[in-house]
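Okay, so chain A shows up in both of these, paired with chain B first and chain C after.
Moving on, here comes the complex of A and B:
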């Protein structure tokens, strides 16, 4: 399996393995974009969360195409399985009457085009940055399996790993403080 | 041979057939089991001992009108039953039925199964919410809080198995347990004296009963409180898909338990290993699922969550520490 970005030259035939892989890649990207559009445009919050879940699923596919299946699985497990579910859960707990329109009242005619142009510019700039920069290529850690990931995390990237655990600790303490406040 | 298109097609058809047959006839098994436990006869009319009943039920469900009530969220209402079914079938791709039977030998298959299981949770949540029905929404919320609570001890116990086998590949985990029941992870006394693994097995099995929303953990469809929970508004094949998804989840749960703890396709005395042992093990486990359902009463949601957060999670954490220590010592 090769990443499509690395391929140059003529487009592969539709019925060759490369062609099928390419179609699947395009489907994944379409999933990300479609999910993002649903998440942004739908007025019903739960639908927006469903769109977000679709977007996350597509992102997992993109990770898989970047040859890191572990990251893809974790994306599914954490973002689809936990984050979007928790968001949906929060919405269901907060507003049982879902039809209340969400902040669409005082919007000038310029808001839409302005937002579109800003995001378009941002997208163009990021794409340009991605394509033009001479990226420093890091060596691949093992075969992308968890053994290699674990070894790398506990040796080369031990400092980062410890920092992440501190962040998690802070999050837990913060949650406890917030919960305590709500109780009084 | 690995890359041949025929192999892929064969496995596709085989897995679909396995899933379909199980989804249909496990319903029959459940009704027969329930009848046996309640001293009834169960379905008797269609075929010998009612064996053709699933076909009749299927024909009836298929010919029924697909009713979408007013006030539901049309798209999500239709998508949810499909979402309940897809992950369960997809999971079977990575399950090693025997040493030579298994569609895909994947390095991270354990992780993939849990990633797919989380999609099943979304199906219940969306189905419940899209129905626009009070009972269905309560059921969705209950089911999510329950699934989140039980996923934690489940994953922690899986980590003990992964540590012992040193792999997240289901096939490798099963290969690691070959050669008789004393090699299986549940009893595992060879290379390491893992005396607490049966606790892991117990926690994992309880969690898999809870994850598949089966009684006594079927808070999501508690019919005496919530009509039929998230399935209240569903009729015809929408309901059918949810039911089939539930049975397939049970099959996947049983396959996972058999592979992680009971040696996969390994024969108990180290001989005649093969796919039949795997099938025997998973059907014993599935029978246990049915047995538990019709024997124990449903518990309250609070006690259910307390069981997970206050008992199963501490125990599984302690078990993880003990197992890690045992690996270090021996």
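Moving on, here comes the complex of A and C:
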């Protein structure tokens, strides 16, 4: 099993294997940030959805670095493969051509800078909270691999697992009913 | 070069989560269409799951729990996106628009 706590040893050099891993991680984070920036700031909605897909691809890499290849695969399948495509279909079905670029016209001149400053303050506060707090680290007992995840899903969290499948079924039926109403 | 050791540190992932959350909040305020707000809400959910994953990897005694919660968040997000898109289609049929400023029938 990999190390539990942050390694505080000597920093790896640029061309060692650890250094290359670090570079790949930085590229992954850059993908996340760039995708989120495109998704929030682009004028056309289609580009926003493409940015969403890029950001979630990077986030799958981040999950891989968090020692969970299974969650990385699920992120690619569910978010990049299903949710982004679903939103793209929504744009195609519910947006006339001339309206596709109105997404960013802000309500007043104040709305944009106000939103930017509020979210910037939120980011600063949450980051400071993460940086300043002394997080208590407990000794690791479970393995955390896919076998442990499957066992916990079917034993301790079996009830929630069943409930989530009921929620998904209801979502399917509800989506069908809602989208069918008013169709001529 | 300490920059290359960032991936072994809990706070890096917390900062990524905070960044995604603030991008989501910014998009929620600035966007004027329902689809743009839907995209932003996905960022807020992704921020929550990033935090769950980070804490389960670095501090939790049982690392499977955070992954399971992230799976549940993914399922909820998929259901939410499906419902939201179908509501969007129904709204578009009635109003011929998806801008939030046009949906003001209850405003009086």
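Please note the rule applied: the second predicted complex is superposed on the first by the 145 of 184 C-alpha atoms of A that agree within 3 Å, B and C clash if a C-alpha of one lies under 4 Å from a C-alpha of the other, contacts with A are read in each partner's own complex, and residues count from 1 in each chain.
The rule is short, and it goes like this: a contact is a pair of C-beta atoms (placed from the backbone, for glycine too) under 8 Å apart; a residue touches a chain by one contact, two chains touch by 3 or more.
Everything quoted here is computed from the prediction, not taken from an experiment.
Asks: I want to verify the contact counts: of chain B and chain C, which reaches more residues of chain A?
Replies: Touching more of chain A: C.
Asks: One more residue to check, A:82. First (chain B), second (chain C), both or neither?
Replies: both
Asks: Tell me which partner A:153 touches in the superposition: chain B (first), chain C (second), both or neither.
Replies: second
Asks: Pick one for A:70: touches chain B only (first), chain C only (second), both, or neither.
Replies: So A:70 meets both chain B and chain C here.
Asks: Quick check on the superposed pair: does A:53 touch chain B, chain C, both, or neither? Answer first, second, both or neither.
Replies: In the superposition, A:53 touches chain B alone.
Asks: Determine, under the contact definition given at the top, whether A:135 touches first (chain B), second (chain C), both, or neither.
Replies: second
Asks: Is A:44 contacted by the first partner chain B, the second partner chain C, both or neither?
Replies: First partner only.
Asks: On the A-aligned overlay, A:93 touches which partner chain: chain B = first, chain C = second, or both, or neither?
Replies: both
Asks: Which residues form the common part of the chain A surface touched by chain B and by chain C?
Replies: On chain A, the overlap between the chain B and chain C contacts is residues 70, 74, 82, 86, 89, 93, 96, 143.
Asks: List the residues on chain C that touch chain A in their complex, please.
Replies: Going by the criterion above, the answer is residues 1-23, 25-27, 29-33, 35-36, 38-40, 42-43, 46, 50, 53-65, 67-68, 70-72, 74-94, 96-99, 101.
Asks: Which bits of chain A are touching chain C when the two form their complex?
Replies: Those in contact with chain C are residues 3-7, 11-14, 18-19, 21-23, 25-26, 29, 32-33, 36-37, 39-40, 45, 48-49, 52, 55-56, 59, 62-63, 65-68, 70-71, 74-75, 78-79, 82-83, 86-87, 89-91, 93-96, 99, 102-107, 111-112, 114-116, 118-120, 122-123, 126-127, 129-131, 135-144, 148-149, 151-153, 157, 160, 164, 167-168, 170-172, 174-176, 178-179, 181-183.
Asks: Quick check: in the complex, which residue numbers of chain A touch chain B?
Replies: Contacts found on chain A: 44, 46-47, 50, 53, 60, 69-70, 73-74, 76-77, 80-82, 84-86, 88-89, 92-93, 96, 143, 145-146.
Asks: Using the touch definition from the top, list the residues of chain B that touch chain A in their complex.
Replies: Touching chain A from chain B are residues 73, 75-76, 79, 106-108, 111-112, 114-119, 121-122, 125-126, 129-130, 137, 140-141, 144-145, 148, 151, 168.
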